[in-house]
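Across the two complexes that follow, subunit A remains constant while its partner is subunit B and subsequently subunit C.
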Partner chain A sequence: MLDITLKPAPPGVTVQLAGHLDAVTAPQLELQLEELFHADPTPVVVDLGAVAFVASAGLRVFLAGAKKARRAQRVLALCGLQPQVRQVFDLAGMTPLFLVYATADAAHAALRQQGAPP
Partner chain B sequence: MKPDSDCKAQSGDWQREVPNRLADVSAAAAAAGDFLRRHGVAEAAAHAVHLALEELLTNTVRYGRPAGPSRVALVIRTDAVVARLEDDGGAFNPLTVPAPDLPPDLDARTPGGLGIHLVRRLVSGLDYERRAGRNLVTVTVAR
Partner chain C sequence: MSHLPAGAGHDKEAAARAGALAGLLDVAICVAAVCASNSAVLLADALKTFLEFVAMLLAWLALRRISRGASRNFEYGIGKLENLSGLLVGALMILCLLIILGNAIRNFVKPAHVSGAGLWIGIADQLIYFGINTVLCRRSRRAAARENSPALAAQGRLLFTRAVANAFILVALVLSMGLARFGWAVYVDPCASLLIGGSILLAALGTFSSSVYDLLDRTLEEQDQLLILRELAQHFNDYEDLHGIRSRRAGSRVYIEIFLEFAPQQTVAEVQRTINHLSERLQAQLPDSHVSIALADRPPA
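Coming up: the complex of A and B.
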């Protein structure tokens, strides 16, 4: 089970997730990110604060999402990683590939200051 | 998905026959983690078992083409949790999967191939046997 809630945070958006990001739910996030990269908002901040489980299918979506974001000149950032989730990102060598923040507010504030996509 | 109360009553043991569909195997993997937490297994070990079952069972569904359901059994020991997985799909030894290259550069990374890598890094023991046309995988996670 995964709930996806979009919260506007102009000029960007927060994608708030709750539940598990596994083989069944990862495609839902993939579709959502795809849709957002075709629309205006940037940065796209994915809030994992209520996600207790991320499997390789979820990592795959984040990696593909980061590549698409770069091509579309969008910023994709992550926040709220719980310890077990952070460990999975670390073991997969994925943490260095992302901007990671403590909270969605912190992410949007930092990215607003940075301005244009890197 | 059967509720846990349908499982063998012996405390500390859990077993399932899981239909080979992604929805069923992901739910079973999560249920296994919840079962372990309810029986006093610490979060790190319960999470490791959840993840190992998710990755190994979804691999079987995606690539193994099994005819029958996968079987999963958990035993909680004082020092470790042992999970036994069995399926009649094509021979697949997770120990022979090469470790992925993980460059810290987005352009150099290709999505996929992380599942077995995560399992090997998170568990303390992984054994494989092919017997009578079945894959038998034993996962050990220290408590």
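Coming up: the complex of A and C.
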């Protein structure tokens, strides 16, 4: 079960996730990210604060998402990673591919200051 | 074309053949013991041993076929023969369980003290085969871990249940003979049979789950998926987009397909270099794996 909530944070958006990100729920996030990359908002900040478990299927969505964000000249950032989720990202060697922040507010503030470069 | 490294196939085949031969000898001794005694447990053990021998034979034949290589009719190899063999072993285990249950019920309904010279043959047989099965079980488990083979893993589980069964039958026979003056001793045999049945049920469930999932092309386990993602993350700048990853098992073989898009300005040599490097790195980390990297500009159908 994965709940996805979009929270506008002009000029970007926060994608707030709650639940488990596994083979069943990963396609939901994949679809949501693709829609956002085709739309205007950037940066896209994915808040994983309420996600307790990320399976390889979920990591795959983030890896493909990082690629698609780069192609669409969007910024994809992560925030609120719980220790066990952070560990999975580290194990897959994916942490360096993303800008990672403590909270969504901190992410948007930092990216606004940087001018949200693609 | 053989799909096994030189030597590895021979090891697997030799282990399976040794198991089948040991099983055949055990069947002969068990039948002799049953003929010279009235022990229901020995009868059940003889039937179980016969079925186990058939299972060993199937594993050996499957490995023999695989080690000789697939013909042109099986260009992706015949690794699934190992999964089918594991499935048959599981079915035979269930059959064994039913026989043991039937014998136990019969002994509970019509209890009788065991007697006859066959008991001594049975005790000697259980003692010797307990030692043999323990040694073969260790060998099979080591080979299964080394070669990631479902058939050898199933054989290891089978040998373990056989060693446990040998020990229980030995204790049951000794107690039945030693405590014959007590009325309750007639229930020792069926009780021991039920305990053996429980261990066989557990082994059968394990064999079924691994073989069935692999036959249904289950994807790789999470730790292996993380390895694939790790490599793709390390090569993040070498490709343009990731359109999908698919994996499946066929026997001990692992097949991985990765669908990557490359930038149009990259030369064929650059793309080939990335593909070769990724494939080699993954194949080195995932034993018995075959990695295909397909050029794609959309997700696979």
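In this text, the second predicted complex is superposed on the first by the 116 of 118 C-alpha atoms of A that agree within 3 Å, B and C clash if a C-alpha of one lies under 4 Å from a C-alpha of the other, contacts with A are read in each partner's own complex, and residues count from 1 in each chain.
Here is the rule we use: a contact is a pair of C-beta atoms (placed from the backbone, for glycine too) under 8 Å apart; a residue touches a chain by one contact, two chains touch by 3 or more.
Quick caveat, the model's predicted, so the values are computed rather than measured.
Taking subunit B and subunit C in turn and counting the residues of subunit A each one touches, the greater count comes from B. In the superposition on chain A, A:92 makes contact with both subunit B and subunit C. By the touch criterion defined above, A:63 reaches both subunit B and subunit C.
In the superposition on chain A, A:53 makes contact with subunit B only, while subunit C stays out of contact range. In the overlay built on the shared chain, the residue A:20 is in contact with subunit B alone; subunit C does not reach it. In the superposition on chain A, A:71 makes contact with subunit C only, while subunit B stays out of contact range. In the superposition on chain A, subunit A positions 55-57, 59-60, 63-64, 66-67, 88, 91-93, 96-97 are in contact with subunit B in one complex as well as with subunit C in the other. Against subunit A, in their complex, subunit C makes its touches with residues 222, 225-226, 228-230, 232-234, 236, 239-243, 245. Those residues of subunit A that touch subunit B in the complex are listed here as 20, 22-25, 53, 55-57, 59-60, 63-64, 66-67, 70, 84, 88, 91-93, 96-97. Of all the residues in subunit B, the ones that touch subunit A in their complex are 22-23, 25-26, 29-30, 33, 43-44, 47, 50-51, 54-55, 58, 102-107, 109, 111-112, 114-115, 117-118, 121-122. The residues of subunit A lying in touch with subunit C in their complex are 55-57, 59-60, 63-64, 66-68, 71, 88, 91-94, 96-97.
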